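Next come two complexes built around chain A: one with chain B, the other with chain C.
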Partner chain A sequence: MNKFYSIRKKIAGINGIIIALFFLILIVSIGSSKFLTTTNIMNVLRQTSTLGIMAFGAAFVMIGGNIDLSIGSILSLCALMACKLTAYGSAVAILVPLAVGFICGAFNGLLVGKFKFNPFITTLGTMAIFQALAFYYSDGAFLNASDNFFFSQIGKGFVYKIPIPVIILLFFFLVFSYILGKTVFGRQVFAVGGNPECARFSGINNTKITVLAFGLSGLCAALSALIFVSRQMAAQPQMGTGYEFDVIVAIVVGGVALSGGKGTIWGAILGVLFIGILKNAFILLGIPLNYQYVVMGVILIFAVGIDSLRKEVK
Partner chain B sequence: MNKAKNVILRVEGVSKTFPGVKALSELDLDILEGEVHAVVGENGAGKSTLMKILSGVYHKDAGRIFLFDKEIKLLSATDALKLGISCIYQELTIVPLLDVAKNLFIGNLPMNKARMINTRKLYQDAKKVLETLKLDISPNVLCGELSIANQQMIEIGRAISRKARIIIMDEPTSSLTDKEKEILFGAIRHLSREGISIIYVSHKLEEIKEIADRITILRDGFKVKTVKNEEATKEEIVEYMIGRKLDNYFIKKEVKISDTVLKVEGLSKQNVFHDISFEVRKGEVLGLFGLIGAGRSEIAETIFGILHAEKGKISINGKNVKIKNTADAIKQGICLVPEDRKLQGLVLKLSVLFNMSLVKIREINRFGHIDTRKEKDTAERFINSLSIKTPSLKQTVSNLSGGNQQKVVIAKWLSMEPKIFILDEPTRGIDVGAKSEIYAIVNELAQKGVGIMLISSELPEIMGVCDRIITVFEGKLTASFERESFNSNSIMKASLGEGLL
Partner chain C sequence: MPKLLGKFLRDYNSLVLCLAMLIISSIVIPNFISSMNMINILVETSIIGIMAIGMTFLLLIGLFDMSIGNQVSLVSLVVALTINFGIFPSIILSIIAGMLIGAINGFITTKLKINAFIVTFAMLGILKGLNLIISDGKSIFIGNDAFGKIFTLNLLGIPIVVVIFIIMALVAELILRYTKTGFEIYVVGGNIETAKLSGVNTFYVTMFCFAVSSFCVAIATILLTSRVNTATAVLGEKYTLLVITACVIGGVKFNGGYGNIFNTFFGVLAMQLVNNIMYMTNTSGYVQSLINGMILLIVLSVDKFATIRRSSVLT
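Now for the complex of A and B:
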């Protein structure tokens, strides 16, 4: 009896997203015969890899009790940089954008963590600022990357028929699951998001944790930018626009609490898969773009609604 | 108090079951008109369930409730209010940005024909209510500007404005100073003379003995008995509550007190405390006694690195230390069990294990990697040694009772092997059994040579547990007492700033 109860409770945490994912897959595979083919599955996975990596970073921010709206702009900025820097070799084209992404994120973190600015408004502001920087950097133009075999493999390559972006996603899934679940930093993120006052009374430097969480989020956005650029070998200043929306929908659907202190990387990736499959379904089933946004919006509100309902019940 | 006659409220065989727990079992209770009826019991005894059934928040599973011999159905809080049963919860529900009059009549504002607020009537009625309560405040003042005690009076005023016949109060003195408590008690006595019955739910036996006409003791969902106040001593009530005899409520073991471990010299913070100097020795339990707001918690928080003093020195084992933040304090072996366990002590929505190892993980990691086996072992050891009652380590800590929650906070710090252990109101809102367990932990720490500082506003507790007591009044130390010369009168006086030594 007791055991049954505890198992049920365990499932209750993420069962919503698993059931939703199951039904989505069921419906789409009935609706389109192309859905369950290896090519399509690999395609979905490759397309979700960029969203997935960003979602991991955003999950750290949200579990830490904040929200990051600027990741789409950071993605654009870093993608343009990577494009231009391919002229100086792969190492530069990879490392510089990663550093810039981290710094942009850490800047958000500093404003929110140290100066206690409201995270929503702060990152709404930096979203505009980073976007403007991206325009400035590229003069508002489309940039092409220089030919560079190593760099282009990040987005286009395969290892045993598995796209490299999928391998990167898997790798970071493991890394971030480990960081969130089994390291001191991960625990402290939960503590700061769950109850900042208690965290402070337990010897945790809240500012540092917040800066690092935002920094990680920026770093993840830069990583996604690299995959993007490598796949298309081109970038434009608005390529990241709207990404923050998809990412936030994905992690909220995946059970990361908007109020902080709750969530898993496992849930985040399930949420990402859900959004990825949904977008794939829109294309396979030929659903117009307008409806896509409606569906996404409804899902976001629904997921948040369930989150607050759960709290009510408690 | 007046001679009460009529039974106003009768509860017959009321039961309530939650999944897995029988919270109330066939409870019988009668409340007389104009009596102050105290309901006591340990946490989980069923006090709050009873309260919530009477105020319409919970629905009973079985039994009947009569008001003036007429059976009533309480399906919602509104039903209860309409029937004249008002409830004042521990957490106040004052709206700080509304004035006194609007707070008094909130949800019940007098309207004119156009469905607009009838302002003139509102303020007239508010004045009447304030007069009934003998409260000397203007109905135009914002409630946020009132003291906690006065805010509580406004809650009572709200009940009066709704023509309540029965007022249920849950731990009404938990955030009041002694002086404020007297004002509250004055109001309660006054209401009782007016024929309003009070159901007074509390842990604090001193208060109950002071104010109650009759006392009902609950244990594990059953009523143990209802006694007249004069018919039972405090010790007897405690016995009924816990079902066994507590011979030695405050255990104090002889401990060899040795060198000074913590020395504070001339600590000052503007408008908070001035020129605080004292020392704590190994194995010593030093009590810090004073009213809430006297600066006790602030002194502790300064030593722990939460607040920062402008002047003064802190030394540990004879070495001068600089404590910039809590991490520094922890490195020096200082621990603080904070005043507000829910806000400062615990991450309520996370597990027992998470909370217990929040500090310890700094030790059991290599390059940030947490040894989860070691983590669990440590936690389990403390679950056993402190007898923390939880179904599992994964249980969300907010589901634990107050006493067990506090033990989780203590366990978090014990795993650090502290040198200086500061406890700020460690037994507030927890039951008698858990209290004596916490005193036992304090004793054990003292025996191990830890220097202990205990902050409390309960005089019997601080006198029972401490070797030495210093009193704080308005941010200044006023007196120091050795255990041999403990005297409740002079300690109380010193804490009120009278007869400074």
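Now for the complex of A and C:
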């Protein structure tokens, strides 16, 4: 009985998104016979893998009580670097962008955590900075990656008909679930997001946690960039623009609280699936893609609105 | 005397910054002080300045609008769609459209009690979609000569946009200083709970600030659209960052309750001077956008350290 209660309590936080996901799948599968085919499902999963990995990092930042608007620009910058560095071998092309992504994120974290800048304004500024760096790095042009078998397998390869990006997504899902749920760092992120003062008095180094959370977010953006580049073997300076919107909508829909201190990686991945299926539905049902911004904006307000109304009732 | 000087520097640092930049660049850069360039700077300042007036109102009550860039695009598209009804109906309709967005933002923020950042962030997405739907991704040419002439009008040689900016800035400063609403804005920005307890209608104040912001954006956009004579879905995207940077240079605080129109004006001017200097010295476009992004962070840190020093002196 006790165990049953704890499971119910665990599900309670994300039941909204499960119901929403269920109805979305129901509607789309009625609307289009192509939706529930293996090819399409694999396709959706493959396309959401990049969004999903970014969402994990962004979830850490948001649970820590902040927000990161610059991940789209970090993605562009890292993708361009990966593209250029494929000439020096796979290891360089993978490790350097990851390091740059982490540094970009940690820079945000330092400004927000150490100097207490407003996270919205700061990351709005760094978004412009990283975007400008991306333009500067590529001189505003498209870059093509050089042929490199190992590198190209990250995005294009299959293991027993399962795309490698999906395997990467699952791997990081497990890793980040563990980090957020079971490690000291993960619990400290919750503590800092829930009540920074309280966390400080219980001996947590708030600055360190914020820097690491933002760094993780940058790292995840760089990882997505690698998958992107490996899939397309090309990059351009604006490829990440607008991605932060998708990511934030996904994790908010997935039950990560904007005020911090609440959320799960489970919820984040369900939110990402919701957005992925929604985008897929637009294509399958033949609705012009421009409507997706409108729908996602409304969903964002709706999700946050329900959350805040629920709090009020309590 | 040093104390007085310190106070002057602190309260009017954007003015001092502007003067310093003006003096240095007029010596170093040839043609900088030419009347043509000066008018150019003033015109650019005015367009962003009009938007910054509205943003100052929002920042004063501790809120912020992320969607103004996309509001610019939407209003310009509304102008393009309605220009056939005549100039005045078109202007009125586009102002109504802009203020409607502000009203929706304000209503959701206050009634659903959602963080204004997120509301306007969602609105950014909604407007981006709407703009793309309306324009179908194309740029729409406004084939109306009379509308295009609005921007070229002038009063005693001063471009109309500058005149409008100055009038709006004066009215805004008067509202903030001498009306009940203006006083209430500072009270709400200082501490919203105190404001509620002392009987301030915070719903009205918030709606008022959002309305002013969107009204200012609409006016600036009509002038901008008249200047470029085309409307596109991406016309305004850069303005969000520029306007917020201008307000920050002008010393408006994000927590609300601190700032005024006078300083915002010099904030905008300072930012435009930097941009003009970069333009006059043939700085590459990428470096320009990099510097524009960095200004925001630099000003934030200078502001932070100044505050820390001041508070450490006090304690």
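Everything that follows uses one rule, which is that the second predicted complex is superposed on the first by the 303 of 314 C-alpha atoms of A that agree within 3 Å, B and C clash if a C-alpha of one lies under 4 Å from a C-alpha of the other, contacts with A are read in each partner's own complex, and residues count from 1 in each chain.
Heads up, the rule we're going with is that contacts are C-beta pairs under 8 Å (C-beta built on N, C-alpha and C of every residue); 3 or more make two chains touch, one makes a residue touch a chain.
Just so it is clear, the model here is predicted, and its values are computed rather than measured.
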Which of chain B and chain C A:R200 touches, first, second, both or neither: first
First (chain B), second (chain C), both or neither touched by A:G140: second
Which of chain B and chain C A:Q153 touches, first, second, both or neither: neither
Which of chain B and chain C A:Q292 touches, first, second, both or neither: second
Partner chain(s) touched by A:F117 [first = chain B, second = chain C, both, neither]: second
Partner chain in contact with A:A128 - chain B first, chain C second, else both or neither: second
Chain A: partner with more touched residues, chain B or chain C: C
Which superposed partner A:K262 touches (first chain B, second chain C, both, neither): first
Touched partner set for A:N43, first chain B, second chain C, both or neither: neither
On chain A, the residue positions that both chain B and chain C contact, one per complex: none
Complex contact set, residues of chain A against chain C: 67, 111, 115-118, 120-122, 124-129, 131-133, 135-136, 139-140, 242, 245, 248-249, 252, 258-259, 288, 290-298, 300-301, 304-305, 308-309, 312
Chain A-facing residues of chain C, complex: 64, 66, 108, 112-115, 117-119, 121-130, 132-133, 137, 240-241, 244-245, 248, 254, 286-287, 289-290, 292-294, 296-297, 300-301, 304
Parts of chain A lying in touch with chain B, wherever the complex brings them together: 2, 6, 182-185, 187, 190-191, 194-195, 197-205, 261-262
Residue ranges of chain B in contact with chain A within the complex: 304, 306, 325-327, 329-330, 336, 338, 343-350, 354, 357-359, 361-362, 365, 368-370, 372, 391-392, 394, 412
